[in-house]
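Order of writing sets the labels: A, B, C and D. Residues in every chain begin at 1.
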Amino acid sequence: MILQVQLFARVRELIGDECCSLELSTGSTVATIRSALGSRYPQAKDLIARSAVAVNCEFAANERVVDDVDEIAVIPPVSGGGR
Amino acid sequence: MIQLTRDPIDHAALTELVRKPGCGAVVTFLGTVRDLTGNEETVALEYEAYPAMAEQMMATIADELRDRWPVAGVALVHRLGRLDVGEVSVAVAVSTPHRPDAFAACRYAIDRLKEVVPIWKKDIGPAGNQEWIHPDASATN
Amino acid sequence: MIQLTRDPIDHAALTELVRKPGCGAVVTFLGTVRDLTGNEETVALEYEAYPAMAEQMMATIADELRDRWPVAGVALVHRLGRLDVGEVSVAVAVSTPHRPDAFAACRYAIDRLKEVVPIWKKDIGPAGNQEWIHPDASATN
Amino acid sequence: MILQVQLFARVRELIGDECCSLELSTGSTVATIRSALGSRYPQAKDLIARSAVAVNCEFAANERVVDDVDEIAVIPPVSGGGR
């Protein structure tokens, strides 16, 4: 199956796109997505390791199984609010 | 009221929005763009969000407030795009019957927002240097 | 800014007044006239002050804030005279570099104001019944 | 000496005036003022007992000696702020 993964902030800039496609086997999990992204984009690997993954706008555990209808996003450590 | 906006935040309107006859206390928090962090000078911040998830999580925070305190009105608004020093990036307004609850609920809302809502800022320095802020889990921000 | 006033409090102006480029956080508290206290209905409150002492003590509270927290701006304004339900009787706005200090300083200011500043309110009920509020030392108000 | 004492809120209403004059001997204290007021206005005695006394816009202890140039006020328990 083909998954679309949304990218933000420094992860987006390191990968150079707002979104990327991953071809993964059925039954893949959030952990599979992390390792696929880390292999394809070694420049973003460390930050992805510190990032969360959201499935359908909710934070998801590594064990979460994903499907090609799910909305997937990498959420690097957030920093909203004032400064 | 939950909102992401690219326009300046009308904090007075938010404060008015949450005022109710049954509420004796309103607390409004504004987060603004500060010029110095330690010795590092900021000339602007650029905010980006994952909008669908950010709005959903802000709505969840508002629900948590209503579960935990007798909140009559709550408004959470975050601005996106480039902000100059002194501009308001986030506003939280909460009304409750009594003041300790208004302070506690407002504080909780901004703390949670900064912890979990998918919004990010890029610090823009005087030499045009730019840095996304992605704090370590251990860092206070 | 320290003020007693018989006019409606322009809380938005106070919030603007305390905003500074060096401050990332502004907390504004509004105390408003609530319609119910327990089962007792209020239709209006009438505030009276000992003006010279009240202003002096409000200035002292602002000084205490500056001693205890890195406060850049502080405004304390209390309204006098008759106020209807929903009107703002007191406003406190504080700005600091970081948000925990803004919450703590604003909370301290309103708590102290209610403890020590010589201002009194008379509760006016629906039947025209009137009662000055002079809490026991042990009561929370 | 003659002292002017300012009165507020329910103390003012119970006594029926915004101000009252007390004739006291030199060297009188805040405690003297309290007992003089309580004797002259028994209807306000209990509330005065729960009240503070301010001298020159500062809260004053019972031992504080007063003079006829001092600004004196009875401060019943305060209740500023919202409700």
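Definition applied: a residue touches a chain if its C-beta (ideal position, glycine included) is under 8 Å from a C-beta of that chain, and two chains touch if they have at least 3 such contacts.
Here the structure is a predicted model, which is why all the values come from computation and not from measurement.
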Separate pieces, if any, that appear once subunit C is removed in thought: one piece
Chain centre separation (subunit C, subunit D; CA means) in Å: 25
Cα-centroid distance, subunit A relative to subunit D, in whole angstrom: 72
Distance between the centres, which are taken as Cα means, of subunit D and subunit B, whole angstrom: 48
Per-residue multi-chain contacts in subunit C, two or more chains: 24-25, 30-34, 99, 110
Residue list for subunit A, restricted to those that touch at least two other chains: 82-83
Touch-based graph of the chains, sorted into line, ring, star, complete or other: other
Touching chain combinations (by label order): A-B, A-C, B-C, B-D, C-D
Residues on subunit A engaged by subunit C in the complex (per definition of touch): 82-83
Residue ranges of subunit D in contact with subunit C within the complex: 6, 8-10, 13, 47, 50, 54, 57-59, 71, 73, 75-83
Footprint of subunit A on subunit C - complex, ascending: 24-25, 99
Complex interface listing, subunit C residues touching subunit D: 30-34, 37, 42, 45, 47-50, 52-54, 56-57, 78, 88-90, 110, 113-123, 132-137, 141
Contacting residues of subunit C [partner subunit B, same complex]: 11-12, 15, 19-36, 85-86, 97, 99, 102-103, 106-107, 110
